[in-house]
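Scrolling down, you'll hit the structures one after another.
You will see two complexes here that share chain A, one where it goes with chain B and one where it goes with chain C.
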Partner chain A sequence: MSEMAPRNYFEFFQLPEMFRLDQSVLDSHYLELQARVHPDKAAHLSDVEKRLSLQWATFANEAYQTLKRPLERARYLLRIHGVDTREEDNTAMPAEFLLEQIEWREEMQDAIAGRSEAALDRLGFRLKKEMDHLIESLGAMLDVQQSHPDAAVLVRQLAFLEKLKRDLDQAHALLED
Partner chain B sequence: MLLQISEPGAGVKPQRRLAVGIDLGTTHSLVATVRDEQTVVLGDAQGRVLLPSVVRYLGAGAIEVGYEAKARQAEDPENTFVSVKRYMGRGLGDLASHHGAPYRFVEGEGMVQFDTRAGRISPVQVSAEILKVLRDRAVAELGGELAGAVITVPAYFDEAQRQATKDAAKLAGLEVFRLLNEPTAAAVAYGLDNAAEGVYAVYDLGGGTFDISVLKLTRGVFEVLATNGDPALGGDDFDRAVYDWLLAQSGLNGLSSSDASLLLTASRAAKERLSEQTEATVDTVLSDGSRIVATLSRDTFAELTAGLVKKTLTPVRKALRDAGLAIDDIKGVVLVGGATRMPCIREAVAEFFQQTPLTDLDPDKVVALGAAMQANLLAGNRAGGDWLLLDVIPLSLGIETLGGLCEKIVPRNTTIPVARAQEFTTWKDGQTAMSIHVVQGERELVSECRSLARFELRGIPPMVAGAARIRVTYQVDADGLLNVTAAEQTSGVEARIEVKPSYGLSDAEVARMIEDSYLHARDDLEARRLQEQKVEAARLIEATESALTEDGGLLTEQELEVLVKGLQVLKGAMEGSDWQAIKNAADALNEASTEFAGRRMDHSIKAALTGQKLESLGV
Partner chain C sequence: MAYSDKVIDHYENPRNVGSFDKDEDGVGTGVVGAPACGDVMKLQIKINEEGVIEDAKFKTYGCGSAIASSSLVTEWVKGKTVDEALAIKNSDIAEALALPPVKIHCSVLAEDAIKAAVSDYKAKLGVADDGYEIRKSAA
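What follows is the complex of A and B.
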């Protein structure tokens, strides 16, 4: 992109390469950057400056979205460390986790069948706690123990839960329509 | 007043560029500007600020726009177009019901067209006529050529509708600084200060569209968290509900299109009166002399339209959920659009959000005012003290995969500009081409999404199945417009194609339409080209000079010399009347300043991260 092209997203936002990050610093650095590179700043400038602006603002958005979301951030960190999470082909999961997944799904189906928004809300609340817990463990694994292969297992689990969360949102939409 | 944006401190005032904000609405349109630090809506010779979005084709090149056209609607319904915004970027198949629209629809290239007395006309051309009137009004009022315009679109407009709007502006001879989402424009008009920090919902019910946007306001930044809506729900539907009720009451059916038009106008008037009083009487004489008299109470009206009101709340819930927010997270609700004057809407919104909505600004003008403020900002008329808008795309962008499924590449509510890439591979040995189908929508089946473009990537070197790596990249710019590229990665042979979605007018078509309108006067066309190039060149000179003033220190003496020379050449060319010479000099200067632009950007990014905070952000 240019001589300024940073080595990675953490460097771009001047943050340490860690999973646990200070969200407010990320937010403020992101806004500082967008305030300078956003295409709105170049709307009256030459085509060259417009193009550059579009490139940088796009890059800043991608970097921010990646670091903002825990799942994306963990995947990205692992990629920096050369660890492939192999989410497409590695579906090996602890049996306990899989059983739990089945239970979640059954409860969701019941809530939909019973057209119960309240039941969906309760599920959503429990899921949120479960995800927070997993994110906490990911932090310890990545930043403290620095055990990347083990972290990859947790990333795959978190991806499962995120999918569940999306399905839960869809179920809500379904009940409303 | 919710908020106030203060003008930045004194400094050397550069020459102001004339810029306008245009609200191109379903039922009426407005143009506004910032003049002497005041944001004002511009009126016509009679001081009327609303321009009815009505265009009538009289034949032989004669066209009426606005009040005149509206007055003739009942007598010439087939050639008089109202609510044309509903047809922008829409094919015949999209129009579930034309619901009594008296036009002679024809299937056009990706978009419906109308057969009129003046031949086939597309919704883009009709919209361009409205924009031309507003442009001329602004030029007359401001006394000079416009540097550019911000044109608003419903947040929930899809790619086809946005592209159609931009094409209309191009056809009307407007330089579009930006397409801005209507609710975001309204948020800008309401402005922001410390007291306004927090999350706001903008409920925007226009003549033909409904939008809901959830925005987070932090000092100087408007960040759209989620947007949703219904592109085919608006005040017009409430008129229609009254109309249907009148028909049922009077036992009429099969009205002629002029009678239908007459009754619809009466229905709208009754609806509007019900915002002020508790009952309204319709008394209309039809063409056969029969008279319709009926009295509608506010309560009956509320019953008739309860379904429509409820229909707006579904997108509201979806937007809140997408933003991950609950009702008590919303600090304020802003009402936009003339249709929000209806008491039944105000009550429903207040009940849903458990608070009284904000209505300080005229709901008809607020969008145009915000667009004008943004246009002024984009024109570079405000040094420092700016605000920043971070908007999102309303609908997911995906690609067709095996089995007619849609794989999402850019999910809805992603902040723009954005680029996302996905890799695909060949599935047959020796496959040298791959077809790519770009779609938009939330459904899993491609058949239930909107098809944006199909194209084929050719020239893939023959390989075994699964060996090729085809990278498909979606880039959405700050206007919310999409560009797709595909490239095969492994072979070093890079095939690449850029798509302009199929419904959009090609640049050549737009050029032809513009030329058509100058058909009888070739000199006019030459004059216009010269004028365009001069405006463009002046813009470039100004941008380059201010860049040199700010950051000239980033250049070596030699580099500086090259740019100064380039400026001289361009200024010289501008003295003459050869538009091609001006264009060549401008292209050369652009080329010469590429490296400088890159260095400036790097410098700015470095400054952003080394603590040279922007005062406006104050973070």
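What follows is the complex of A and C.
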């Protein structure tokens, strides 16, 4: 492990500071690092070295989990650029987007009430397309246009869709019971 | 998490759930959302010629605290003038429902929904309106 602390997670994995990343490169760099800092490898070391090794393993894990997921990655990238996505207190989303969210929720409720897994599947399929599209736009906004405030708006939207996805998955599990 | 009795009451028997036609005269519609929890809140107010809120309806998708906050707010705004309704603060809502700190943002959402609804009503009337200020922090 290098003596120098990395500036951020991207540098840690020797990746460019960009939203669009090659997942396979991230995966292989992670596995490589994880193999080097794995606590088992530290069994013969002193307590101080063991503790250091564990800290590195934890850091590698956090870094990987953050960069692996598009929402977390975008949020992290914005933070590097000093932009807070203000997901706690910025309630003024575009009205059109919010009304769409209400429609999604209503359709989901209907699907659950009708115990229709097919309807849930259709919703899930549409949601997946919507999320892919949003992630694509985020890539353009962050890497090409580099417009961070606009990217923050998209991050807030993606946060909504991810919550919707979690709830859809839960509804699925519920119907399967 | 433990909800207060008042939250549970509003959650189990929400008041004024539903919608008005958003194009109807005197109806103001506010839609707000909190990305952190994925909650969406639509609040509608119906205002008579004297400028008094006659009726209010809401539709909220979210946690118990968000539903209770919007339900409570529909009760509170009825009979109030637009300006009186705008004076409702999220801290009043949070206090009335005994919301824990992690749920304060639900009350912020309800306060912002009132402001958004009033702003929409004024815009429909053609009254010059500077829009509403989004709160800078959720405490």
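The criterion applied here is as follows: the second predicted complex is superposed on the first by the 170 of 177 C-alpha atoms of A that agree within 3 Å, B and C clash if a C-alpha of one lies under 4 Å from a C-alpha of the other, contacts with A are read in each partner's own complex, and residues count from 1 in each chain.
Here is the rule we go by: a residue touches a chain if its C-beta (ideal position, glycine included) is under 8 Å from a C-beta of that chain, and two chains touch if they have at least 3 such contacts.
These numbers come from a predicted model, not from an experiment.
Considering which of chain B and chain C touches more of chain A, the answer is B. Of the two partner chains placed by the overlay, only chain B lies in contact with A:His29; chain C stays clear of it. Touch criterion met: A:Gln14 reaches chain B, while chain C stays clear of it. By the touch criterion defined above, A:Asp132 lies against neither chain B nor chain C after alignment on the C-alpha atoms of chain A.
After overlaying the two complexes on the shared chain, residue contacts for A:Ala92 are found with chain C alone; chain B is out of touch.
When the shared chain is aligned, chain B comes close enough to touch A:Ser46, but chain C does not.
When the two structures are aligned on the shared chain, A:Arg156 is found in touch with chain C, with no touch to chain B. By the touch criterion defined above, A:His38 reaches chain B but does not reach chain C. No residue of chain A lies at the contact with chain B in one complex and also at the contact with chain C in the other.
Residue ranges on chain B touching chain A, taken from their complex, read 17, 147-148, 177-178, 218, 220-221, 314, 317-318, 321-322, 374, 377-380, 386, 388-390, 414-420, 475, 477-478, 539-540, 543-544, 547, 590, 593-594, 597-598, 600-602, 604-609, 613-614, 616-617, 619.
By the touch rule above, chain C contacts chain A in their complex via residues 31-38, 40, 42, 59, 61, 105, 108-109, 112-113, 116, 134-138. The part of chain A that touches chain C in the complex is made up of residues 85, 87-93, 95, 97-99, 101-102, 105, 155-157, 159-160, 162-164, 167. Interface residues of chain A, counted against chain B in their complex, comprise 2-4, 13-14, 27-29, 31-40, 43-49, 52-54, 56-58, 61-62, 64-65, 169, 172-173, 176-177.
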